[in-house]
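You will see two complexes here that share subunit A, one where it goes with subunit B and one where it goes with subunit C.
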Partner chain A sequence: MKNENLYNYILGIADNSLILGQRLGELCGHGPNLETDIACTNISLDLFGQVRSYFQYAGKIAGDGRSEDDISMLRKEHEYKNVLLVEQPNTNFAYIIVRQFLFDAYHLAFLRELQKSPDLTLSAIANKCVKEVSYHERFSSDWVRRLGDGTDESREKMQEAINDLWMYTDELFHQMEADKAMVAEGIGVDVTTLKEGYYAYVKEVLEEATIEVPESKYFQKGGKHGVHTEHLGYILAELQYMQRTYPNMEW
Partner chain B sequence: MTATDQHIDDVLIPILEKVSDPEIPVLSIMDMGVVRSAVIADDLVKVEITPTYSGCPAMDVIGDDIKKALKEAGYKSEIDLILHPAWTTDWITPRGRKALEDYGIAAPLEAEADKAVLLDGKRLVKCTNCGSTNTRLVSQFGSTACKAQFQCDDCQEPFDYFKCLK
Partner chain C sequence: MSEEQIRSLERHFNERIARDEKIEPKDWMPEKYRQTHIRQISQHAHSEIVGMLPEGNWITRAPSLRRKVALLAKVQDEAGHGLYLYSACETLGISRDELYEQLHSGKAKYSSIFNYPALTWADMGAIGWLVDGAAIINQVPLCNTSYGPYARAMIRVCKEESFHQRQGFEIMLKLCNGTPEQKEMAQDALNRWWWPSLMMLGPTDDKSVHTEQSMKWKLKRKTNDELRQQFIDQTVPQADVLGLIVPDPDLKWNEERQSYDFGEIDWDEFWQVVRGHGPMNKERMKARVSAWERGTWVREAAMAYAEKKQARKEKQAV
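Up next, the complex of A and B:
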């Protein structure tokens, strides 16, 4: 493939949205109340929509007739490049909100930079997504504050979720070969420059929410290399069920 | 970008105006501002549409409906989904805004007012039933990606508000 780095770069971005979108989709009909159920599935729908734009572009770059569906449905587990954070399970609403907030804060900062890319397709997608993701971030940061600064029980659950998920945040700022190549070409976002602002903002919100910021320096990584937690296999089993059971079926 | 940057051949306008948004049937796709160009080239009409929200499932249906309407009018067509420039609620025409209100969906406010309403709980959105602005946000997300849920504290009517997108 001529533009293999660009192809991999796009997948690296899109897989985060795909897997988080699938996780949120699991909540359809299972949210804690009607409004949050609808919110989570709306966010899921936005993310899937964004994924379609990315994968359509990736398909064009691959140039071998691969469609958006082929790219999303026909890869194996180790070929998915999403960060470990987004595949973590819907343990309870605190985990759902903390996972969302930790990702949204990154996602928004990332898209703001991607808007400046000289690659016109990527900047157009980012322009579109940034508006939607700012709604997502409002929703998740709002709930972090409400539950953190809520009852003793809600604060305790939020603290537990942040303690557990914190170790997946550092990976957001790791660069793969494709990322470095795209940064060198001036097309990609240098995520290492987003790290400081990210942690400053996250800490600000957590403090408002009266949640303690974890001090642990132990971080997990692997997703971007295709080395996932055991959760991804189950997600893919559901995501790919129709394509695996009825190969080449079309909607 | 304003509506004047649209390139739509005059003869196609009445055909496209008859195609409605499948999720808000009272609203023509022209009043929604999603048709960015429609040009007759030889025996083919090339149409460019842009999505309101990325995940809007209506876009596929809108594409099919445009094709069908043009076919009935004797044209072959090709539909392209374009992302740039990104759609904004400013492209909804005044007639479109009125159609939304008549249908029971409050039309988008200006960006600043929208923020005040969705973030700071300001009461600025007009109830579609009684016209009071004594309304409150129930949820930032509604029945479709583009809407938020509101309730009127004067007449108790629950209604949708079309979120500002800029």
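Up next, the complex of A and C:
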């Protein structure tokens, strides 16, 4: 492939939305009330819309006739480049909200930079996504405050969720070969520069929510390299089910 | 209030309905009118949210991104319908929590069709095409019903439902123009959803307990049997376009009636499902009740947070 770094770079961005969208899609009809049900479905819908734009572009770059569906549904597990955070399960609504907030805060900062990319397709996608993701971030940070500063029970549940998911945050700022190459070409976002602002903002929201910021210095990584948690295999089993069972058909 | 006064109010009320005027929440209405509307509107709202389950079940497995996005949007629409139908119902003096309570305890009903399982991708097509198709036939007359909030909610619901129905038909069309395996999947879905869809239009007229009163209040404009005939006459030609066989050996065009004759519906099955013993009744209720129970702490926290915020605001004002 002529432009393999750009192709991999796009996949690295899109896979996060793909897997998080899939996780949120599991919730449809099972939320704590209708309003949150609608909001989670809506976020999932936005994320899949973004995925389509990215993968249509990736297909063009690959130039081998692969469609958005081939790219999203016909890779092996180790070829998915999403961060471990987004594949974590819907343990309860606290985990769902904390996972969403930890990702949204990163996603929004990332897209604001990607808007400036000289790659016109990427910046156009970012322009569209940034509006959606600022709504996601408002939704998730509001719920972090609400549940953290709600009842004793809800604070406890939120604290447990943040303690468990914190170790997946550092990976958001790791750079792969493709990321470095795209930064060097001036096309990609240097995520390392987002890290400080991210943690400062997340801590601010957690403090408002009366949730303690975990002090652990032990983090997990691997997703960006294609080494995932045990959860991803099951996610892909559902995501790929139709394409694998009925190959080469139009739907 | 004296009996004479009530009779006069009732007379005035019936005249307004006869003139096609809308009844609004603050207007006087007979208690039976209020109760009937609570029953029907909430049943409709419950059907929307229980109906999210069989389709929601296929979101993670949709065969393409385009289909996944469309299915998500559709299920989201249904949640939205639930939301404005519950709101319309609340204008009659009952809370959403009470309505949920009635659903969870089994006191309130929802459309029996959702007690059938969605087994293959083709079911997403068949549900849109047939179930939403039958729903539209039931619902279009409600856009002119006498109770204002319900009529206004239905105008919006119907617009979206007809979009869903086209979307379902399009899923079927794609399958029928696809491989033999895909066409077989479509036929299998039609075989399983055809009869339950006919049952969706309700028991036959001689068995329908609410028809007469509902006609008077314009909650109904046509009888169940008329609606069912309309559905069949409209749907059979669509099955022909798809090249699918309607699973009824007695189905035949009647030149004289300019309508299709059709076979006997298995009403024992219908009543079995209505009484709670369909293939999925227990699972559907379990899913709803468990979502509600698992969400209790979330709703309590949201309330507590709102109260704290209000208190802080008041303190600041002082």
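Throughout what follows, the second predicted complex is superposed on the first by the 251 of 251 C-alpha atoms of A that agree within 3 Å, B and C clash if a C-alpha of one lies under 4 Å from a C-alpha of the other, contacts with A are read in each partner's own complex, and residues count from 1 in each chain.
Here, a residue touches a chain if its C-beta (ideal position, glycine included) is under 8 Å from a C-beta of that chain, and two chains touch if they have at least 3 such contacts.
Predicted model only: the values in this text are computed from it and were never measured.
**Student:** Applying the document's definition of touch, where does A:Leu122 land relative to subunit B and subunit C: first, second, both, or neither?
**Tutor:** Neither partner.
**Student:** Does the superposition put A:Ile162 against subunit B (first), subunit C (second), both, or neither?
**Tutor:** After superposition on chain A, A:Ile162 lies in contact with neither partner.
**Student:** Now for A:Gly25: first (subunit B), second (subunit C), both, or neither, which partner does it touch?
**Tutor:** Touch partner of A:Gly25: subunit C, not subunit B.
**Student:** Does subunit A have more residues touched by subunit B or by subunit C?
**Tutor:** C
**Student:** Is A:Met249 in contact with subunit B, with subunit C, with both, or with neither (first, second, both, neither)?
**Tutor:** second
**Student:** Could you look at A:Arg52 and tell me whether it touches subunit B, subunit C, both or neither (first, second, both, neither)?
**Tutor:** So A:Arg52 meets both subunit B and subunit C here.
**Student:** Based on the superposed arrangement, let me know which partner A:Ile38 touches: subunit B (first), subunit C (second), both, or neither?
**Tutor:** So A:Ile38 meets both subunit B and subunit C here.
**Student:** Name the contact category of A:Ile61: first (subunit B only), second (subunit C only), both, or neither.
**Tutor:** neither
**Student:** Go through the superposed model and pick first if A:Arg138 touches only subunit B, second if only subunit C, both, or neither.
**Tutor:** first
**Student:** Of the residues on subunit A, which ones does subunit B touch that subunit C also touches?
**Tutor:** Touching subunit B in the first complex and subunit C in the second, residues 35-36, 38, 42, 45, 48-49, 52 of subunit A appear in both lists.
**Student:** For subunit B, which residues count as touching subunit A in their complex?
**Tutor:** Contact set of subunit B toward subunit A: 51, 53-57, 83-87, 118-119, 138-143, 145, 149, 163, 165-166.
**Student:** In the complex, go through subunit A and note every residue touching subunit C.
**Tutor:** Where subunit A meets subunit C, its residues are 22, 25-26, 28-38, 41-42, 44-45, 48-49, 51-52, 55, 68-69, 72-73, 92-93, 145-147, 149-151, 153-154, 157, 235, 238-239, 241-243, 246, 249-251.
**Student:** Write out the stretch or stretches of subunit A touching subunit B in their complex.
**Tutor:** For this pair, the touching residues of subunit A are 35-36, 38-39, 42-43, 45-50, 52-53, 120-121, 123-125, 127-129, 131-132, 135, 138-139.
**Student:** In their complex, what parts of subunit C are in touch with subunit A?
**Tutor:** Listed in rising order, the residues are 49, 52-53, 56, 59-69, 72-73, 75-76, 79-80, 82-83, 86, 121, 171, 174-175, 178-179, 181-182, 287, 290-292, 294-302, 304-305, 308.
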